[in-house]
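Before anything else, here is the set of structures, which you'll find just below.
Look at the two complexes coming up: subunit A is in both, with subunit B in one and subunit C in the other.
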Partner chain A sequence: MTLKKMVLFLASAAVSFQAFAAGDPESTLREAMQEAVTVANASAGGRALADKLQPLLERRVCFESMTRRAIGPGWREFSPAQQAEATRLFTKLIIRSYSNKFTPGEEPEVKYLKGSSQGPDKIEIPTSMLYKGSRYSIVYRMENRGKWLITDILVEGVSLIANYRAQFNELFKRGGVNAVMDSLKKSVADT
Partner chain B sequence: MRIFCLLACASVLLLGGCAGKGRVTEGEQPAPTGKGAQAASDGKAAAGASDDDWDDVAEVKVSDPIEPVNRGVFWFNHQLYRYVAKPFSAAYRFVFPDIVRRGIGNAYDNVRFPVRFVNHTLQGRLDRTAQETGRFVVNTTAGVGGLMKPADKIPALADVPKADTGQTFAKWGVPHGPYLVFPVLGPTSCRDLVGTAGDTALNPVAWLGFLFGGAGWTTAVSAPSGAHGVPDQMDRYDAATKDSLDPYIAARTSYIQYREAQKKK
Partner chain C sequence: MTDKRLEFGVGLFVLLGLAAVVYLTVKLGTGSFVAADTYPLEARFANTGGLNKGSTVMLGGVTVGRVEGIRLDPADFSAIVDMSIMREVQLPADTMASIKTSGLIGDKFVALAPGAEESFLKPSERIVMTESAVELESLISKMAFGSVKEDEETSSGEAPSAAAANSEP
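Right, the complex of A and B next:
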């Protein structure tokens, strides 16, 4: 075996190993949902639920990527400390918003549909969720970053990240980094 | 040199966790824009090009030439929702149990069958026209005038996407035109406004006005439908604007994305 072939073999073996180690995205999503519902049902809801969900969601959701994509090209103008603070605040905002959607005791009925690959390490998993008598179409965008992580959620076609991006864009145009940071701080304080 | 590239790629794949940030790959997402999109189309995107991965999010484009006016109406609607519609919604939910509310909603939805029938046909989806007809027959008979939806239990008739006139225009390639916010009714676009007129003309509840020669009939029959829809509208409004940084932009972006998603169904 030539050196070139050996390296190609090792590289493909590394890719396969990584895919194996990352697991299956749908199973990862099912586990994440089940964990969240279990925690929500054992909690009285509100701020306490958000605090309990935070460590769990931080393992399953890539908040750093979500924040960067939501803020968009203006991210380059943030200092590393501002990027870290923006990520911390945006994470809190999303988790509190997510926690408020739960009603303790209500069990969502989720139907997982066939995922569609969006590239070598990206997938969209559509679901149909029946919650409190209403049916919702929810698509989870996931990426393999050593393990499968959620990077966006689309409810009835509305992308969480695209929605925040439109708002951050306006803020950035008006007042740059400071306007974005101030607005994030205010929203987290009001939530 | 290529050997080093391969090794570098393999190590990035193995080590790339969340903190390792993302990559830009050609054709991953719809309508990427800006620098990253250019890099991807040039084939220059590289593993670890984290600074560009915001282009994975398609930006929502919308024409809003009368934004100051729209913002004014949005503010008015927000006060109306807060002080009138929300208390009404809470009272309505208290008076009518869930099962009754769902029954009323189902019945009004069933009556709107011609809107879906005509639009599926205009969109060339005769399979869905047939499914809608089947749903109407099953729900009207076995579902006691549409109060229940037994068709949902029949796999061949369940999960038929809804169709409306604005969606038909969208599928024909008609653009949104300017975004508009109407008092009470909320957000729409020029295209969807004309679409709503079409839906009204196709709605049997509106036909009562023509048949009996007065708008009073239409109002009398459609008022409970409007009242019934308020709690759900409040839920949708809250979902779009709660926890937002700018509720006006959040509602506008949600509306455009929602309609785009319906166009693709």
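Right, the complex of A and C next:
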């Protein structure tokens, strides 16, 4: 075995080990969902639920990249402190507007469809969820960052990031960083 | 003598007319005489509903390219849209592509929304952060995720957002 081959072999072994360590995206998603439902059913809903869900979701969802992508081109003009603050607020906003949709005691019935890989460390997992009598099509986009993290969610084909990006971009063009931060603060306070 | 001149004039007129027809055909067919300075990009959609070859690609309402072709990916039955984008438009790697409709029942087009990434999409790279064609997309998205608040001074009599409607009493 030449040195070059050896290096290649080691590199590929390292890569496959990393993929192994990261686990399987679908079971990661199932676990996350199960945890969230368990926590939700044990709480009274509303803000208390959001606060309980936050540490759990922070392990499963990459809020940092979600915020960066949602804010879009304006992100580069945020100072590191503002970026951290925006991430904190956006995380709260997402979790709160999400947990508001939860009714404790209602068990969602989720059907996982076959995921389609979008490159070595990206995958899209479509699911079909029956909740309180309505059926929703929800697609989870996940990325492998050492472990599989949720990076975007599409409800009925509409992307969470695209929805916020359109709004933040407009705000940013009108009022710069401050307009985005103000609207984030307002939205979190009102949600 | 005058006959010859007349015939020459008529011939010239006909030739000019033909040239105009050719020019119009090429222009209306959204083709171009010389290949413009563009680079190819791909985008993957679950559904392209009504997008055509030649449809425009817009960024912030400005045309920056066009759709060169649409094909099916047999692996997962998604649609791959081939686009050509103007060379001077460098797109961040986390750019999103959505299929939108101009007006209520107008033509479909691809709308690009640039992201925050420092690196740029390379030619022939594929955009996987996409949104497929839905008519009521903006409505649904507001219902599903809530919308961000604006300052009272700047908001122009918008309907109360989903976020407010959802807040617990």
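Basically, the second predicted complex is superposed on the first by the 191 of 191 C-alpha atoms of A that agree within 3 Å, B and C clash if a C-alpha of one lies under 4 Å from a C-alpha of the other, contacts with A are read in each partner's own complex, and residues count from 1 in each chain.
Convention: a residue touches a chain if its C-beta (ideal position, glycine included) is under 8 Å from a C-beta of that chain, and two chains touch if they have at least 3 such contacts.
All of these numbers come straight from a predicted model, not from anything done at the bench.
After alignment on the shared subunit A, the placement of subunit B and subunit C results in a clash. Once the two complexes are overlaid on the shared chain, A:E64 sits against subunit B while remaining clear of subunit C. When the shared chain is aligned, subunit B comes close enough to touch A:E143, but subunit C does not. In the superposition on chain A, A:S183 makes contact with both subunit B and subunit C.
Contacts of A:P73 after superposition on the shared chain: both subunit B and subunit C are touched.
Once the two complexes are overlaid on the shared chain, A:R47 sits against subunit C while remaining clear of subunit B. In the superposed model, A:N163 makes contact with both subunit B and subunit C.
Only one of the stretches 99-107, 117-125, 171-179 or 207-215 belonging to subunit B has C-alpha atoms clashing with subunit C in the superposition, and it is 171-179. In the superposition on chain A, subunit A positions 68-69, 71-73, 75-76, 93, 97, 100, 118-119, 122, 152, 154-159, 161-169, 171, 183-184, 187, 191 are in contact with subunit B in one complex as well as with subunit C in the other.
Contact residues on subunit C toward subunit A in their complex (touch as defined above): 44, 46-47, 75-76, 78, 92, 94, 96, 98, 113-116, 118, 126, 128-129, 131-132, 134, 137-138, 140-142, 144-151, 154, 162-164, 166-168. Within the complex formed with subunit A, the subunit B residues making contact are 3, 6-7, 9-11, 13-23, 25, 27-29, 34-35, 50-51, 53-54, 56-60, 98, 102, 159, 232, 235, 239-240, 242-246, 249-250, 252-254, 257-258, 260-262, 264. Residues of subunit A that touch subunit C in their complex: 45-47, 68-69, 71-76, 93-94, 97, 100-101, 114, 116, 118-119, 122, 124, 139, 141, 152, 154-169, 171, 174-175, 179, 182-184, 186-187, 190-191. Within the complex, the subunit A residues that touch subunit B are 3-4, 7-8, 10-11, 14-15, 17-18, 62, 64-65, 68-73, 75-76, 93, 96-97, 100, 118-122, 128, 133-134, 143, 145-147, 149, 151-152, 154-159, 161-171, 183-184, 187, 191.
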